[in-house]
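Please see the structure below; I have some questions.
Letters A, B and C mark the chains as written, and numbering starts fresh at 1 in each.
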Amino acid sequence: MYVSNCSTSLRAQTNKTRAVYSLIIINKAGGLVYQREFHSGLHKLSTNDYLVLAGTFHGVHAITRSITPRLPLASTTTNPTTASHSTTASLSLTSPSGTTTPTASTPTASNNPNNPAANTPSSSAYSYPIPSVPASGLEFLETDKFRLTCFQTQTGTKFLLFTDPFMANIDVVMKKIYELYADFVMKNPFYQLEMPVRCEAFDRHLGSWLRGRI
Amino acid sequence: MSSTTKTARIGEELWKTRVDKVNAELVTLTYGTIVAQLCHDYDGDYTEVNKQLDKMGYNIGLRLIEDFLARSNVGRCANFRETADMVAKVGFKMFLNISPTVTNWTSDNNQFSLIFEENPLADFVELPDDGRAQDELWFSNILCGVLRGALEMVQMQIDAHFVSDVLRGDDTTEMRVSLVRYIEDEMPPDEE
Amino acid sequence: MAHPRHGSMLSFGGGPNDTATAEKPPFQNAPVPTASQSSPGLRVPSNRKTIYDRHLNRSRNAELSRASFAFLFSEMVTYAQRRVTGIQDLERRLNEQGYPLGLRLLDLLFYRTIAGSSSSSSSASALSTSSSTTSSPPNRPLRILPLLHLIHGPLWRLLFNRPADALEHSVSPDTPNEYMITDNDPMVNTYISVPREMSMLNCAAFVAGIIEGVCDGCGFEAKVSAHNQPSEMWPGRTVFLLRFGESVMEREKVLEKAGVK
């Protein structure tokens, strides 16, 4: 629901540039800690709606993870089901215009080579390397107007990037954002973990890096 | 090529290409001034200083792990032995430009030692000759906390402590690391 | 200041100049050992390898990760914050933590300047040069300007791999004892965003403390503070204000008359 709300606002953006629209960061507990638009023409949601969006996504993410098929651990040696490591869940929403054209998740999408979780050299040899390794959960949502890509770090923080659906190399952008976060949020003594991110240097570097890309 | 060698190469490569550098002496002296301040604040109670250093390290570890993950791009380790190599050959390499030796595994693969040939934090350091520091102070104890904090964030509860230190007159500097448990990811809410 | 400034550093090994500044080691009964003999009370590894067996220049060009510095510095700020009453108090504490670094770095700078200017790079020649009282003119600054150049150039390069960005003298006739060193983008502040309600704070007070240590160690009593002077291009621009004590200014006049540079 809230996701399509958001897309409605994004439709106002007629600019066809392959753009990054906005970024949301969700902490381990599902709380919204950062939200920022990168285009001035965007219709903003209320703060409360953003909080709900973050919480809802967090919940859906957990559910998609919990419905991931789990294969018996004991079978790793006898039954090398290599496909089982692909715990990626993908979900397609109908476009906000109401036309029910479910975007079929393409093979490239579900086997996203840029998915850092599936990209580990070690994980390919194991179906479930250690019991504590969580399934990845929802990684992207797509409408015909925008794409939401979720990157969950191994520590449980989620970066949600709203982009043009045709934007390429989202993983590069995501990786850079994570680095900037590691630098300007994590190394800031005035930032308290799990709390809202109010770091002027993070805003500044994020903004100038994204501007510089285009 | 062994997996340890492979991991070591990842560390080398990251150090060369992905790590911003500063003068080593600035880091060494800054750490020294932190320890000295604690000794001053806790009035030479070295047990308390060890505790505070561990706590500081823990706070650093909780944050440092994000830098480690963001820059190294490495995936999850399949087991604790892999974790040990990752810590020694990639983690320590990235942050301190050293690669301690991983050794003395217990048979259940849950405990190992890190042997430090080099320790940049302790460069230039001589402990106070007060008859106590060499018996009580673990000068580099912050490293134990860093490991504990960083691994906790990737779902491993560990215990880490020094068992010897050349600053104390020992022949080696050795840290013992034990896996306490893997922290289960929060279970999906079945029914409430 | 009431607190014992020289008393907050562990006894670090030093070069041949180690005892030159005659600062007291912080812990009672901790004599500063000379290079040839380790203090008898301390145990050493069976290979007898101590810090005195390693060349002081071995870390000269060594590098460590900038992230490690940032995390340590961040934790230093966090720790200091737990024990202070306000922004000024916090800056004072950071200053105090930098001060002993200044004292140590001064020795290191002199040692290296001497070693670097002598023809040989071997440690033996460096040692003999510095221990001999007759050779090489003192490169210890006697006047304010050479001291400031030492800070602006060699000290900044040692710490941050580049010189500071500007060096100025106060234009006001009321404050001839005030000098300013500018850093457009202090390395220690790179990752730090100060909360709005603390906007006066500048964590480079730590660097101000380092400068103060260098000045005091040279015999130039001074108070040094860090101030935000942002410009559009340099949002983190910081001015270090050095205020020399009266005795220093008086001596300066005498030396000027005597033609000492």
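General remarks:
Note that a contact is a pair of C-beta atoms (placed from the backbone, for glycine too) under 8 Å apart; a residue touches a chain by one contact, two chains touch by 3 or more.
All figures in this text were calculated on a predicted structure; none of them were measured in a lab.
If each chain is reduced to the average of its C-alpha atoms, the one that sits nearest the average of all protein C-alpha atoms is B. Of the two interfaces, A-B and B-C, the higher number of touching C-beta pairs belongs to B-C. Chain C has its Cα centroid 46 Å from the Cα centroid of chain A. Between chain A and chain B the centroid-to-centroid distance comes to 31 Å (mean Cα coordinates, whole Å).
Distance between chain centres (mean CA atoms), chain B to chain C: 28 Å.
In chain B, the residues that touch at least two other chains are 63-64, 67. In chain C, the positions touching at least two other chains are 67, 71, 73-75, 78. Within chain A, the positions touching two or more other chains are listed as 183, 187.
Remark: chain C residues 67, 70-71, 73-75, 77-78, 81, 190-195, 198, 203, 235 touch chain A in the complex. Of all the residues in chain B, the ones that touch chain C in their complex are 19-37, 39-41, 44, 56, 59-60, 63-64, 67, 94-97, 120, 123-131, 133-134, 166, 168-171. Contact residues on chain C toward chain B in their complex (touch as defined above): 7-14, 25-31, 33, 39, 41-47, 49-51, 59-60, 62-69, 71-76, 78-79, 83, 96-98, 100-101, 104-105, 108, 158-161, 187.
Those residues of chain B lying in contact with chain A across their complex are 62-67, 69-71, 73-79, 82, 153-155, 182-185, 188-189. On chain A, the positions that touch chain C within their shared complex are 183-184, 187-191, 198-202, 204.
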